[in-house]
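Several structures are given next for inspection.
Next come two complexes built around subunit A: one with subunit B, the other with subunit C.
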Partner chain A sequence: MRRYFGRKLLIYGLTFFVAVTINWMIPRFMPGDPVQSMLSRANVAQPAAVEAMRAHYTAMFGFDLPLWQQYLNFWGSLLKGDLGISIWLFPTPVSDVIIRAVPYTLGLLIPSILLSWFAGNRFGAFAARRKWLDNTVLPVGYVLTATPYMWLAILLAWALGIVAGVFPVAGAYGFDLRPSLSWEFLGSLAQHWFLPFASLFLVAFGGWAIGMRNMIIYELEADYVDYLRALGAPARLVRRYAFRNAILPQVTGLALQLGVLVAGALVTEIVFSYPGLGHLILQAIQNQDFFLLQGTFLFIVIGVLIANFVIDIAYVLVDPRTRTGMGGAA
Partner chain B sequence: MALNVTDLRVYYRTLRGEVKALDGVTFSVADGEIMGLAGESGSGKSTLAKSLIRLDGRMRHAGGTVELDGREMPLSDDRGMDRFRFREVSLIPQYSMSALNPTRKIGKMVGELLESRGERPDRAELERRLELVGLSGDVLDRYPIELSGGMKQRVVMVVSTLLNPSLLIADEVTSALDVSSQKAVATTLLGFRDRGLVTSMMVVTHDIALVYQIADTIMVMYAGRLAEKAPADVLVTAPRHPYTAQLISALPEVGVRHEDRRLTGIPGSPPSLLKPPEGCRFRDRCPLAFDRCAEQPPFAEVAPGHFVACWKAE
Partner chain C sequence: MRSGERNEALHFALRNRKLVAGTIIVAVLLVAGLAGPMLFDHAPNDYVGPSMAPPSGEFWFGTTTFGQDVFAQFVYGLRSTFLVGVLGGVLAAVVGMVVGFVAGYRGGWADELLTMLTNIVLVLPALVVLLIVNAYLGVRSIGVQALFIGLTSWPWAARAIRAQTFSLRSRDFVDLARLSGVRTPRIILREIAPNMSSYLFLTFILLFGSSILIAASLDFIGLGPTEGVSLGLMLNNAARWSALQLGLWWWFIPPGAGITAIVGALYVMNVGLDEVFNPKLREM
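Let's look at the complex of A and B:
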C-alpha cells in the first residue's frame, strides 16, 4: 500500500516539475514584448522617460537576467508562494488575481462535472433496461456529445438569453451590483451561473449516459450475471452488481475528463464572459502577461494532478483488483 | 421419479426462421441417477440442459412438459422458474472461471445471493462444504482473481449445490480442464450424489469416455432428438443405435495400435435444424438405412432401461 502511493507520488511530483517548467517556457517563447506594450499603454512622449521606464520595468520583472537565472529565480519565488506581479492588471500580484477568479471557475466546474457524471451514469444505467428510452433519449445524447461545444453554448445563449430573455448572457452578476452577501446579489449570481453551467452539464451528461448504457449492457451479458440468474437471483441484486462493475471505467473516464474540462471551461467562460480562470488565460495571452499565464496554468496543473490523485484513491477503494496488484506479493 | 420430460420442444428464434434445436424429447431421470448426456455439438444437449433451468432470450418453449418431483416446471415463465432454481434444480456452468462477480469477496457474494433468495447464510456449513472439495474456509475472504481456475471451479460447484437441489445440471464442466483435473471434478460430482447433497444429476458432455466413469446411464442425442439411452456399460459395450455404435467406434482405445486399425469417423454431417428432414434424422449417414426410416422411429424401450430410436434395434 505504502509502496503504491509512494510510486504514485513520485510520478505526480515528476509530472508537476515538467509541467511547471513548460508553463514557464511557453509565455517566453510567445512573440511580442510585454514591457513594450506596458510602455505604449503608459503613453509617455519623452524618449528619456520611456528609456527610464523600460529599464525600471525590465529590472522589476527580471527580464535583464540570463534565461537560466530567470528560471531558477522563478522556482525560488514559486516555492515561497510568490507568483509575481500581473502585467495586465499592474501592479496587482498574480496570486490575488487568481484567487479572485478561482471561486467562479470552481463554482462552475465542480457542480457541472460531478452532477453530469452522477446523473449521466444513473440515466445511462436506467436507459439500458428501457427500450423506449434507449431509442428516444439516447440519440439526443449522441447529438449533444457530437455538437461542437461553443456552438451549443452560443445557441443556448442566443435562445434563452437573447430570444427568450430569461437569462443574462454575460458576466457573473449584474453590472449594477457590487459583490456582497445580499439576496439580490446571490440571486443575480445564480441567474448568471445557470447558462454556463447548463451548457457544460448537457454536453457531459450525454457522453456519460451513452458510456454507462454500453457498459451496463456489456455487464448484463457477462458470465457472472448469467450464473446469478440461473440460480434465481432477483433482478435487484443482478443490477446492483452490474452497476458497480460498469462504473469502474466511468471512474477512469471522470479522471480523464477533469483535465479536458478545464480547457472546456475556457471556451465557456469566453462565450459567457464569465470571470473565471479561462477568462484570465485569454486576457493573459492577449496582454502578454507572462506571470499571470504561468500562474493560471500552474493552478490548472495542480487541479488536474489533485483530481487524478483523488481518483487513484477512489479506484483502490472500489476495485479490489487494483488492491491486489499493488501489494506486490498477494 | 425425479425428472420426467415429455415431448419437450425448444426452438431458437433466428432471422431465417425457427431452429428446432430440441424437437420432441421424452425421457426420465430416476432419484439418485447420474445421467450422462452426450452428443456432438449442435445435437441439442446444451439446449436441453439450459431449458431445464433458464431459457435465454432467443429460446422459445414450443411444447412439452417437464416435471420435477411431481411438480410441473413453468419453463417459459422466468419469474415462476425462480421458485425452482437453486433449490430444486441447479447448474454448474461451462464457464466456472468467470462465473463469480470479480469485485465481490466470494463469501460476501454467496451471502448476498442466499439472502436475496430468502435463505440464511450459514458460514460454518459453507466452510464444511468447501472442505469436502479440498478448499479451506478462507477462500471466502478472497476475491475470485486470487483463486486458480481449478479453485474457482470447485467454489462454483459448492455454491451451486448449497441448497441441496433435487437435480444438478453440469454443463460441459470438464471441457476446459486437463485430464487430472477432469478426474477430480468427476469424483467430486460423484461425491455430491453419494453424500446426498444432490438427488440426481445430468452431466452434459461430448466426452463419453469421461462420463462413462461416473454415470449410471448415458443418453445420446442426435440433431435435436434422442438416439439412445441405456445403462452406461450397456451403451458403451453393446449400443443398439447405429449412431451410438459409430460414435463409440470413433473413440480411441487404450492398447490398440492405430497403425493397424484406423479409427473410423462418421461420414457426412448432421442435418440443418432450420428445416429438419422427415423421418429419422440420421438416415442420410446411416449404413443400415432402409425404406421405413422415412418414418420417425419411436424412442422405444427394447430392454429394461434401454431406449432406442431405431427401426433396426428391435
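Let's look at the complex of A and C:
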C-alpha cells in the first residue's frame, strides 16, 4: 500500500512540476509578445509612457535575465505564493482574486460531482437489464452526456430563467444584496446556485448512468454470477454483488472525468456570470490578463491533483485488493 | 478478417438499430456540412437579412441581431466541427496507439517511462491547458486548435491500448512471428493491431466525439478560430450579444443541438458497433 501511494504521489509531484513548467514556458516560447499585447491593450499614446511600461512589464516577467534564472525565479516567487498582480483588477494580487472566486466554483463542483456520481450509479445499476427502463434511460443518458455543458446551461437559463421567470440567470446573489449571514442572502444564494448546479448535475448524471449500466451488464455475464444463480441466490443479492464489482471502474472513472467536469463548471459559470474561476478565466482572456489566467491554471491543476489523491484514498477503501498488496487496478 | 466473418459482421451491423440510427444522423449532418455551404452565395458572417428575424421560408433558422443568416452559419459551423473532430480524433488516436503499442509490447523501462508520461498528461486537465496555450496564440485556426486538442486528449486511449496489447503480447501467434524473426514494428502492425482493430475503431470514435466537445468549449470561452464560423463560436456570439435576454432562441438552439446530435450519434454508434463486434453483448 505504501508503494501504491508512493507511486501516486510521485506522479502528482511530476504533474505539478510539468504544469508549472508549461506555465513558465508558454509566454516565453509561443509566437507573439505578451508585453507588446499588454501595451497595445493599455492604449497609451505618449512614447515615453510606453517605454516606461515596457520596462515595467519586462522586469515583471523578468525577461531581461538569462532563461535558467527566469525559471528559478519563477519557482521562487511561486513558492512564496506570489502569482503576480492582476491587470483586470489592478492592483489586486492574483492570488487574492483567485481565493475570492474559489468558494463559488467549489460550491458548484463538489455537490454536482458527488450527487451526480451517486445518483447516476444507483440509477444506471437499477436500469440495467430491465427492458423498459433500459430502453428509455439509455437514449436519454446518451443525449445528456453528449450535450455541451454550456448549451444545457443556456437552455435552462432561457427556459426556467427568462421564459418561466422562476430562477435568476446571472450572478451568485441578488444585485441589491451584500454578502451576510441573513436568511435573505442565503436564500438568494441558493436560488442563484440552483440552475448552474442543475445543468452540471444533469450532464454528468447521464454519463455515470450509462457507464454503470454497461458495467453491470458485463458483470452479470461473469462466472461468479452464474455460480450464485446456480446456488439459487435471489436476484437482489446477485445484483448487489455485481454492483460492488462494477463500482470500482466508476471510481477510477471519476478520477479520469475530473478534467471534463472542471471544464464543464468553467463554461457553465460563464453562461450564468457566476463569479467563480470560469468567470475569472473569461475576464482574464477578455482583458489579456495573463497573470490571472496563469494563476487560475495553476490553482485548477492543484485542485485536480488533490481531488485525484482523495479518489486514490477512496479507492483503497472500496477495493480490499489494493490494501493487501495484491494489485487491483487504479 | 476472413470474408465469412466480414459478412457476419455486416449482417449484424445492418440489423443493429443503434448503429444504423447513429450512422444516419452523422451522415445527414456530414452531408449538410459538406454540401450545405454550396447553397449560399454569401459568406456565413455576411449581413444579408433583417435584424432578429424569426425562422421563415427565406431564412430557415432566422437571423442574428446583426442580420446574419443563422442557417448559413450552422452549415458552415458543421463543417468546422467535423473537421476539428476528425483532425483532433485522428491525431489523438495515432499518439495513443503509438504510445500504447510500444508500452504494451516492449514492456520494461519503455513501458515505465511511457506509462509515467501517460499518467501525467492524463491528470492534467486538458481544457485548462488548452486555454493557456490558445490565449497566447495571436491567430488561431481550426488546424492548430485540432493539433493541440489531439496532443492533450490521447492518454486514456494509450492506457486502454496498452492493456490490450499487453494481453495479446504473449499469445502463440505473436511468439511465432517473433521466433521467425519478424521485426517489432511489423509484429505490431500485422499481428497485434488487426486483432484489436474493432477496439481501435471504437477508441477513435470516442476521441472524435470528445475533440468536438472540447473544441466547442474553447470556442465558447472565446478562444475559437479567429476567422470563420463554428458551432461553438455561434454559441459564444449568441451568449455575448444577449440572445437569451432578447429571446432569439433560433440563434442558440441550432448550434447546441447540432453538437449534441453529432456527439450523441457517435456514442450510440459506438455502442452499436460494440454489439456487432462482441457477440456477448448482442441481446434483446
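We take it that the second predicted complex is superposed on the first by the 271 of 330 C-alpha atoms of A that agree within 3 Å, B and C clash if a C-alpha of one lies under 4 Å from a C-alpha of the other, contacts with A are read in each partner's own complex, and residues count from 1 in each chain.
Methods note: contacts are C-beta pairs under 8 Å (C-beta built on N, C-alpha and C of every residue); 3 or more make two chains touch, one makes a residue touch a chain.
Note that this is a predicted model, so its numbers are computed, not measured.
In this superposed model built on subunit A, subunit B and subunit C occupy separate space and fit side by side. Contacts of A:79 after superposition on the shared chain: neither subunit B nor subunit C is touched. When the shared chain is aligned, no partner comes close enough to touch A:164: not subunit B, not subunit C. By the document's definition of touching, of the two partners only subunit C reaches A:23; subunit B does not. Set against each other, subunit B and subunit C differ in how many residues of subunit A they touch, and the higher count belongs to C. Once the two complexes are laid over each other on the shared chain, residue contacts for A:226 go to subunit B alone; subunit C is not touched. Once both structures are overlaid on their shared chain A, subunit B and subunit C have a minimum Cα-Cα separation of 11 Å. Residue overlap on subunit A between its contacts with subunit B in one complex and with subunit C in the other: absent.
For subunit C in complex with subunit A, the residues that touch the partner chain are 116, 119-120, 122-129, 131-133, 135-138, 156, 209, 213-214, 216-217, 220-223, 232, 235, 238-239, 244-245, 247, 249, 252-253, 255-257, 259-264, 266-268, 271, 280-281, 284. For subunit A in complex with subunit C, the residues that touch the partner chain are 11-12, 14-15, 18-19, 22-23, 26-27, 30-32, 34, 37, 131, 139, 142-143, 145-152, 154-155, 157-158, 161-163, 169, 217, 221, 256, 258-260, 262-263, 266-267, 270-271, 281-282, 284-286, 290, 293-294, 296-297, 300-301, 304-305, 308. Listing the residues of subunit B that touch subunit A in their complex gives 53-54, 81-87, 90-91, 93, 95, 98-105, 112-113, 116-117, 143, 145-146, 156, 159-160.
Across the interface of their complex, subunit B is touched by residues 222-224, 226-234, 236-237, 241, 244-245, 248, 318-321, 324, 330 of subunit A.
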